[in-house]
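Structures are listed in the sections that come next.
Shared chain: chain A. Partners: chain B in the first complex, chain C in the second.
Coming up: the complex of A and B.
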């Protein structure tokens, strides 16, 4: 029927390139957020003991992490919205390749975000040293603990990818059900809280703690990969029912 | 460093303007932002972060090399002991030979000594007045500095003590302890340190705690000298001995 049979990898790579270009502005937004976090990381001095005239300044890279997590979450939502959905009709493609290319885009974007977030730490430390004098406590440097640096990077990447996929699934759900999707979503979350209240089963907190309290990187990676696989399958299953382009 | 702190704000303003008004400028032909520009911004930022990371590793000391005050675990027993020993020695009548001694001076006096104080109430020192038959129209003054612990570190050596000012039959005390500390604590994000050696065995504490004492002034005065003091914090050694 066709002169050339397109390979899956070619279609996906073409779509990933397209998605990267189409969402290029989001990387500038990420830089903007990281710079905003950098500015917010230097709070004004807080006087904590007037009698002794002692001031304490707490500099932390936490705001970088929060902004990165928010960026990935909303980028996931943005990636699955109506406009992006309609863009797929530009290509001769299947639903599967569409989701696969979205996933690879999320991997690349999460990688870039995690590089920025992890490298923000030594940058902030350098600026802290330049600005303040008395710093009796400081975390280990990369030279002191190089493995810790790579572990931080892997952890950041996995967390950011997970938030990306969560945003993507939520928007897919809303996409499938229209306005009612939001209502369903709120109802599901609300019912989880009700289950917690009536039966005393803290599902949400248990789920969150399963990731936060994990002490083995290997098991944590398996949990994140498993969660991503489940969420992504859910997203594919939900959006497979959407066959037509929305106007 | 003041100007350096403005760099993130300036970059934010520039990027904000470009993002918000980029399309308008582009339409008006002022300049155009293509998709390549966004990738240049992102990778330039990563490049800057890499350079800053290398500089941070090369230029600044590791967490082990940072100059720190002595840890209270090492110094606090001896500091407390030395401070308590001052009081015990004064009551016992022996001259306190303490590492906390800042100054010992002698002053001429007539029939009375008026102690005046200007400053905050919490800065008021402990004043021990000991009457001596040997002292004739002279006052021996011994000033001991307090200890100062902030967040498990001993800042006693950084205390600046202002000695009392002596006039004719007067001793004026004004804000004896001058201590100004701008403490900075830097921490990585705990979320990403979940699996690091430091994260699992973290000794880093962001809480604040301090412990300090007031300075001690020991005055050995003539037996019949009238001492006028505004506060009850002036203790007469003879009375303390009787209480014991």
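Coming up: the complex of A and C.
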């Protein structure tokens, strides 16, 4: 009997392609959110001194960042849900190749989201120029400071990938434990606050500050990659025995 | 060559024991019916074979490999049931494209012809199809994938009688042209008995019978006649099923009779007939006493 002898890399690449096709709507949502953020952040001129005729045009990409973070987080939840799990098993897969292809999908999606987020700033500057004939001052232009632009991109990419994986691991946890999953999750988060309250150990804030206060790009990257590796391994471990098409 | 080897396999869901110490082998290129009453573990068994769920104890091998989390088994197996899901954004055409990439033996022409015949428009999204049409779509994937191990778990759910007949015919024609190992479970055993080569009958958490359809049928015999004429046989321990309408009795019995004994029965006005596979299945899995008739008596 002739049997197909698949290569892991072939199956993973086929799955990544399948997931990109299957989640095309998700990318449309990202584009919509970025356009919405653009509309919300559309530069408006504020007059600050009438006598000297000085006006201020403020350009901010905060909405773009917030929307991108929310998109990656909820996309992570969506990607690890039961329906997506069963969809993959309609075709050729194992639990491991499913997770691996999901990871590559998340890398691609985070890359696209971070490019869009980082390009929001020059887009807004261009819009300001078109609207007011003024170019807002910014230390971060790709021509004047390409390295800063690169750092901005890497930081955005790593943060977005981290939020993607956080959403993914939360949904994996819920999927493993069924309805009780959400209860367990709330209990875990609640217990962290209790530890903080009783023992004065601010675990959550320490953890968040460890990322926010990091000034070295190398150390920051290491921390985020480490966190992603831990969370993603946890997700694989939790669902490695999970049933498919559970009735 | 043996495609599936199952040795002392046990599977439970929490405290509920679904399959207990089951053993069987399934040879290459056979069409085997998995039959049994509701909830006996047919789906569980097929899901274990496809690697969708893990065995609790015992040894299960598919293509000489443990099917759980196994890429070789997954690449050579397709599992069709009514809970299959596809991305909502994808059309039938898109899904066929994915099938072509994933299944090495996928016959896209056949899939397209079958879907056209079944009235499935290529631009339709499967989630908007009716239950019957969705089952047809799933069945097309099962047939056209031509996987060395093709598993159909009650594929005709929701299909009307005409479509069911077409499906079985399409499956048989493709199976003859491209032999492979097929497992097929169905509640309509009378519809598939002419299709199957072997039967794997699951009952009370174990394999009650595994063999050819003919062997299954030859295990039993049906005797029909008046109560007076069949009186001697009615109290026998070999009686599997007894149906009585007024004084006319139909007995399904274990076949331990010789040809001479059949001749005597016929001379005495007892009608002797072979049982259908369905009757044999009902006889093996039903109750001789305490059946539905007793509710009305």
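Quick notes
In this text, the second predicted complex is superposed on the first by the 213 of 247 C-alpha atoms of A that agree within 3 Å, B and C clash if a C-alpha of one lies under 4 Å from a C-alpha of the other, contacts with A are read in each partner's own complex, and residues count from 1 in each chain.
What we mean here is this: a residue touches a chain if its C-beta (ideal position, glycine included) is under 8 Å from a C-beta of that chain, and two chains touch if they have at least 3 such contacts.
Note that the structure is a prediction, hence the values are computed from the model and not measured.
When the two structures are aligned on the shared chain, A:94 is found in touch with chain C, with no touch to chain B.
Within the superposed three-chain model, A:121 lies in touch with chain B and out of touch with chain C [touch as defined at top]. Of the two partner chains, chain C is the only one that A:5 touches; chain B does not reach it.
By the touch criterion stated above, A:196 is placed in contact with neither chain B nor chain C. Of the two partners chain B and chain C, more residues of chain A are touched by B.
By the touch criterion stated above, A:25 is placed in contact with chain B and with chain C alike. Of the two partner chains placed by superposition, only chain B is touched by A:135; chain C is not. Overlaid on A, the two complexes show chain B and chain C touching the same residues of chain A, namely 21, 24-25. Listed in rising order, the residues of chain A touching chain C in the complex are 1-6, 8, 11, 14, 17-18, 21-25, 83, 86-87, 89-97, 240-241, 243-245, 247.
For chain A in complex with chain B, the touching residues are 21, 24-32, 34-36, 38-39, 42, 45, 48-49, 51-62, 64-65, 112, 115-145, 147-148, 151-152, 155-156, 159, 212, 214-217, 220.
By the touch criterion given at the top, residues 1, 3, 28, 43, 47, 50-54, 63, 69-72, 74-76, 79, 81, 83-87, 89-90, 94, 98-99, 101-104, 148 of chain C touch chain A in their complex.
Residues 1, 4-5, 8-9, 11-12, 15-16, 18-19, 35-39, 41-42, 45-46, 49-50, 52-53, 55-57, 59-60, 62-64, 66, 68-69, 120, 122-123, 148, 150-151, 153, 179-198, 200, 204-206, 208, 210, 212 of chain B are the ones touching chain A in the complex.
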